[in-house]
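Take a look at these structures.
You will see subunit A twice below: alongside subunit B first, and alongside subunit C after that.
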Partner chain A sequence: MTALVAQLEIHDRGPDTEQSCVASDGFCPGWIVDHIDRYLHPLWQHVYLSLISVACGFLIAFALAVLAHRRRWLVGPIVGITGVLYTLPSIAVFFLLQPITGRGALTAIIALTAYTLLILFRNIVAGLENVPADAVDAARGMGLTDRQVLWRVELPLAVPEIVAGLRIAATTTVGLATLAFFAGAGGLGGEIFAQITFKSNVVVAGGLCLALAVAFDVALLLAQRLLTPWRTAGTARA
Partner chain B sequence: MSAPATLEFDSVTKRYPGAAAPVIADLSLEVPAGEICVLVGPSGCGKTTAMRMVNRMVDLTSGDIRIGGTSVRDRPPAQLRREIGYVIQQVGLFPHQTVADNVATVPRLLGWPRDRVRARVAELLELVGLDPALGDRYPAQLSGGQRQREGVARALACDPPLMLMDEPFGAIDPINRERLQNEFLRLQARLRTTVVFVTHDIDEAIKMGDRIAVMQTGGRLAQYATPAELLVAPADPFVEDFVGADRALKRLSLLRVRDVDLWRPPLVRAGEPSAAARARAAESEVPYPLLVDDDGRPLGWLSERDLARPVVVPPADSAPDPIIDADDVLRDALAELLQAGTQYAPVVDPRGAVLGVLSVEIVSDLLAAGSTAQERPGDRVQDRR
Partner chain C sequence: MSRFGDAIDFLLHAREARSGGTEVGGAQLLPMLWTHLELTAVSVAIAVAVAVPLALWLGHVGRGELLATSLANVGRAVPSLALIAFFVAYLGVGFTNVTLALVLLAIPPILTNTYVGVRQADRDAVDAARGMGMTGVQIVRRVELPLALPLICGGVRTSVVNVIATATIAPLAGVVTLGDPIIAGGVYGEDGRLGAAILVALLAVAAEALFALVQRAVVPRGIRLTHTPHRRHRTMRRTILALLALLVLGVAAGGCGSDDDEGGAAGTAAAGATDAATQAAASSDRIASNPDNASTTIVVGSKNFTEQKVLGEIYAQALAAAGYTVKTELNLGDEKTALKALEDGQIDAYPEYTGTALLSFFGVPTDELPKDPAAAFEQVRTRFAEDGITALPPTPFTSSNEVAVTRETAERLGLTTISDLADHAPDLTLYGTPECRQRLDCLLGLQEVYGLDFKRFVPVDPALRHEVLANGDADVSIVFTTDPQIERDDEVLLEDDQGMFPPYNSTLLVKTSLLEQAGPDLAATVEAVNRGLTDEALQELNARVDLDKQTPAEVAEAYLRESGFIE
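This part shows the complex of A and B:
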C-alpha cells in the first residue's frame, strides 16, 4: 500500500520534480532507473580489475606459501616484504608505477595484486600449518611422496583457511579498486568521483561496489562448501 | 603383497646431531616372520624411534635394518613405506576423505584398477568388523573404536608382509581396547603378518607379544624374550621393576584353564543312590557332589540336604555359578571365582561338559610354585585367540 502511494507520488510530481531533484543533487529513483546503463561498463571494469588482481595475488601467494612450507625460514622475510607492500598508500603506488607501466589497467592490477599478497600468504601458510600432524605423519608413513602429501592431504585440509583469506582479499580488493581510476583503469571509482556531490550517483556506484563484494563473498563461500563436503557432513556417531 | 617377512635390527644406532647421548644404542634383535614383536619401555626409551626407523620415517645413524633380508637403506622411502602397514595412536585418518577413500589410499598409490580397489575396500571393512555401509561416511562420523578399526583396515590394504603399530589402542577406553586387542590378535593369527607393536603398557605387551623387547632409557635393549621368559626370569633389576611386583600374577594371563591340573569333582547323575554320591565326595578334593546331566553338563552342587533321600533328586534351583570356560586364561577365571565369592567352580569344555573343577587353591599353589617352576621357553599360551 505504501509502495503504491510512493509510486503515485513520484508519478504525480512528474519530470519537473525529478529535474529539481537532480538539480539539488538528491536521491532520485527515476534518474537512477533511466541512467543505470551508464554504470555497466565501469562495473565490468571493476569486476575485471578485482578478479584479475585476486587471481594473480592468489597464484603468487600460493607459490610463495608452498615454498615457505618446505623452507620455514622463508616465512619471516616473505611476511616482512608483503607487509611493507600492504602498508604503502595505494594512491601513491598508482602514481609511482605510472612512469614504468603507464596509465591503465596493468598499473592498477599490479598495485591491487600487491595488496592481496600479505593476507593470502598468511592464510595459506596458516592453513597448511593447521593440518593435523597425525594425518601428515600417516600419509608419509603410508608412502605418499612430499608432493602427494601436499596435494592430497595438506591443501585439501587447508581449504577453509585459504578460502577465508580469499574472502578477505576479494572484499578488500573490490574496495581498493575504486581508486583504480587514478591509474587510468576506470572502474566504479571513476563514476563516484565524477559526480561525488550527486547523491544518486554515489549511491548507485557505491551500491554496485557493495553488491559486487557481497557477490564475491557468497561465491567463495559456496565454493568452499563444495570443496569441503566433509566439514558439513553430520557428526552424529554411528 | 607377499608372505610375512623377517625383520632384523643389526647394531642399529640413532644419534641426533648435537645430542651427546644416542636415542637408540646398538640395538640388535630379530623378529621371526609372522610374529608380533612388542617394543615396550618407559617414555623416552626410544621404542617409537626404533619402530620409525623400520620404514625410514627416521633415518639410521649407523647399523642396518633388514626386512626379509633386504636393507631398508636400499629402498626409496616412499616405495618402502607402501609395503609396510603403518598404524599410529591418533590413527591419522584423512578427515577430508570418506572411510572408503581412506582405506583405498595405498592401493591407489600402487595404481590398482578401480574395480579391484572397490572390492578390496569392501573386503577390508568386513575383515576389521566395520559395516561396509560406513564406507561413505567421513572419519568424524565414526566412534573412536570404529576409527581405530578403519586405521587398521587402511594399514592392511595391500596385505603388507610387515606392520608397524605405535600404541594403536592407546587412546581407546579400556573395554573397547580389550575388544580391539582380541580382534587384532585373531586377525593377525589369520593373516600371519609380521608386526612391530609399540606400547608403554607391560600388560598389553604381555597380551599381544610373541616376543617382547624391553627397552631402557638411552635406547638400550634390556631384554628380548617371550612373555613367559620375561615374567619368570627378568634379566636385570630394571626389567624386574618394569614388569612389576605382580609379575607372578601376570603369568596367569599366559596360562589357560585347560593347561592346569584341575580337581576331579564327584560327578553324580539324577537317580543314583545318595550313598554312592556321598562316598565319592568323601574321596574327592571337592567336598560336594556335582550333579550333571546325561551329556555331562553341570546342573548344580548338591548339599547334605539334597542327599537326604535314598536316591539323588535334582534340587529346584542350584545352577552352579560361575561356570568357567576351559579356554579362559587363568587370570580371568580367578577373577570370576573371586567375583562370585566362591572357592571353586566347574570347568567346562566348548560343548559344555564338565572337565574338572578349578579352585582358588589350585591357582595359589601354582603361584607359589611359579618362582621355582621352569617354564619351557616359548611355552606361551597356545591358541590364545
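This part shows the complex of A and C:
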C-alpha cells in the first residue's frame, strides 16, 4: 500500500486583520476587490433573465395593447387577467410552474414575463390613448391608413409613456430575478443566498442588483431621448 | 397534473411528515398562516404610521417631491432578498428584524401614493376650505386626507401584496411563515412545497381583492359621482372571477386523481467494485483519465450545507478527472430531499452520513445504534442494497450533529454534558434546521432520549447555525463536529453522555445500476479521494469555505491538487 504522496495543507489562521475580517463575516473591501470576478457569471445570468423577460413581456403586452386599442372592450379583461398574474408572488409562481416546466431559466423567464405584463400593457394603452386627437385626425386627413396612423403617429407620440412602463418593468424585474435561483435559474440571488451571513457578499451581490437596475433605467431613458428627438428639440427652444 | 391535486390535499389534510414523527399540512399550517398574517399586518401598520403622516405633511406644505417620487423608484429596485439578507447579516435573525426589513419595503408605495394623493387634491376645495377659515390641521384632516384616501389605500394595497410575497422568504431569517414548506422543502415534501406556494398565491390575490373593495369604499361620497363606478365594479368582478377560476383549476387538478407511479422495485444489489478499487488506488495517487468513461454521465448531488457542497465538488471533480461526464446538482436541500432526488433519478450519487441514514432513513432506535463506525457502515450498506443503492466505503472523518452553547452560557449554567441541560432547558431557546424537529439526532432525540423540554424551538437555515449563537438569538444551537466556527466563536460542545449520536462517517450513495454501467473506475476514484478526508482535513476544507470564503468548487480543486490527485 502506498501512503498519500502529498497532504492537504492545513492553514494556520492567525488573528491577522484582513483574515479575521473575512472569517468573522465582516465587510472587507480588500476581499471584495480580490473576488469580484466570482460575481460576473451570476451577474450575466441576472442580466440575461431580466432582459429576456422584459423583452418577452414587452412583445406580448405590445401585441395585446395594439389589439385592445382598436377593440376597447378587450382592455377590461386583459387588465383583469394580467392583474392576477401581477398579484401572484413570483416566488410562489417559480414553484407552481416547476411541475410543468421543470427547473431552470425557462421557468424563471415565464414567471418574470408574466409579472411585467400588467405594467407594460397599462402604460402602452395609456400612451396610445393620450395621443392628441388632432394629430390622429390630421394624419387621417392626409390619407394614412389605420396601420400607418398607428406606426407613424400614435406609437411615436406614445413613446414617453411606453418607456415609463418599461422602466418600471425593468427595475422590478431585476429585483424579482434575485429569487430566480429558487427556480434553478441562478442569478445574483443565488450568491446572496449562498453566504447570507457574510456582509461583504450580501453588500456586493445586493449592490450589483441595484446597479443593474439603475443601468437599465438610464439606458431606457437614453433610448427614449434617441427615439423622440422632437421632444428634446422642443425643450431646448423653450 | 396530479401533483397539484396532491398539493391541494396537503393543504386540506394533515399527514405524517416524510421523516416520520410529527404531522405536517392541513391544520398544522395554521400557525404558519398566522405568523405570515401577523408579520404582514405589523409591518404594514408600522409603515402606515410612519409614511402617511410624513407624506401628508410633505404634501400639505408642498415640499419633498423629489424624495416622494424617487423613493418609489429606489424602493422598486431594491431586491427584497437583498434587503432581508442585509438585515440578517447586520442585525441577525428574528421577528423584529424581519419586521423592520418589511417596514422598509412597505413604506415607499404608501409614502408616494399619499403624497401624490394630497398634491392631486382639488386645489379649489383646499382654497375653499381655507376661505372658510379652516386651520392647516383642519384642512389636512377634513379635506386633503379624505380626498387622498383612495390613493392612500391603493398604496397600502400595493404594500400588503408586496409584503405577503416577501414574507415568504422570512424563514431564511428564522421566522416560520408559509414560506417554510417552500424553502425547507424536505420535511413537508414536494406536495407541501407546492401546496404552500398555492396558499401564498391565494393569500396575495385575496388581499388584493379585499383592499380593492376597501379602496372603493373609502372614496368620499361627495366625489364618488365623478368616478365611473361601473368600470370598477367590472374590474372587481373580473378579479373575483379569475380567483374562482384559479380555485376551480386547482380542484379540477385534484379531481384528476392520484396516478402516482411509484418507482418499481429496483434490481438486486451487486457490489463487487471494492476489489478493483483497492488495486487501482494502490498503483498511484494521480487519477488517470480513462476515455472509455466519457460515455457515462454522472450527476453528483449534495445537501444544503458547506461540508456537503465541498464533498459533492470533490467527487464531481475527481470523477471528471477519471474521464466521466459529470454534472452537479449541489445544494438540493435536506437529507429527505437528497435521497428522493437519488431515488427519482434526478441525481446518480450524493454523500450521506452513516448516522443520518440510520436515524432518518431507517429509524434505528437509539438503544440499537452501533457505536463502531464499521458496524454502522455495514448496516447502512445492507439496508441501501435492498433499494438498489450502493453505499461506497466511508470516509475516515466523522461529522456528527453537536449540541453547542456559547462559553458564557456553559460557564454560567455549568454545562458540560447534554444531560446538564435538563434543569435549564425550559428557559432556553434551541435553534436548528427545519428538519431538526423530526430527527432523532436532533430535537426529537433531545426530547425522547434526554427528556429535554426547551422553551422554544426555532428552525433556521443551516447557514445560520453559528450566527444565532453569536448574536444571542439562540441559547443552544445544533452544529456539526467539523465546523470551523466552533473555534472561531469559542463555542462549547456538550458531551453526548447518553450515546444519542451514532458514528457519522460519510459514504457516497450511488445508484447500483449506474455503478454497474460506469465500470470499476468510479468506485476506485471515490475510494482514493476518500482516504485523505480525515477529521483534520474536513475542518480545514470547511474553514476555507466558511472562514476564508472560498467557493466549494475552489476548495475541492485545491484538495485534489494538494493531495496529488490532479495536477
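Here are a few things to note about the model shown:
We take it that the second predicted complex is superposed on the first by the 218 of 238 C-alpha atoms of A that agree within 3 Å, B and C clash if a C-alpha of one lies under 4 Å from a C-alpha of the other, contacts with A are read in each partner's own complex, and residues count from 1 in each chain.
We take it that contacts are C-beta pairs under 8 Å (C-beta built on N, C-alpha and C of every residue); 3 or more make two chains touch, one makes a residue touch a chain.
Computed from a predicted model, the values in this text were never measured in an experiment.
Aligning the two structures on subunit A places subunit B and subunit C side by side, free of any clash.
Of the two partner chains, subunit C is the only one touched by A:Trp31; subunit B is not. In the superposed model, C is the one of subunit B and subunit C that contacts more residues of subunit A. Contact with subunit B, but none with subunit C, is seen for A:Ala139 once the two complexes are overlaid on the shared chain.
By the touch criterion defined above, A:Ile81 lies against subunit C but remains apart from subunit B after alignment on the C-alpha atoms of chain A. With both structures placed on the common chain, the touch criterion links A:Pro156 to subunit B but leaves subunit C unconnected.
Look at A:Cys21: by the touch rule set out above, it reaches neither subunit B nor subunit C.
With the two structures overlaid on their shared chain A, subunit B and subunit C come no closer than 22 Å at the level of C-alpha atoms.
The part of subunit A that touches subunit B in the complex is made up of residues 132, 134-145, 148, 152-153, 156-157, 228, 230, 233-238. Subunit B makes touch with subunit A in their complex at residues 55, 57, 77-83, 86, 88, 90-98, 105-106, 109, 131, 134, 137-138, 140-143, 146, 151, 154-155, 164. Across the complex, subunit A meets subunit C through its residues 1-2, 4-11, 13, 19, 22-25, 31, 35, 38, 76-77, 79-81, 83-84, 87-93, 95-96, 98-99, 168, 171-172, 174-179, 182, 188-189, 192-203, 205-206, 209-210, 213-214, 217.
Those residues of subunit C lying in contact with subunit A across their complex are 1, 3-4, 73, 76-83, 85-86, 88-90, 161, 164-165, 168-169, 172, 179, 182, 193-194, 197-198, 200-201, 204-205, 208, 231, 234-235, 238-239, 241-243, 246, 282, 284-285, 331, 461, 463-464, 467, 488, 531-532, 536-537, 540-541, 543-544, 547-549, 551, 559, 562-564.
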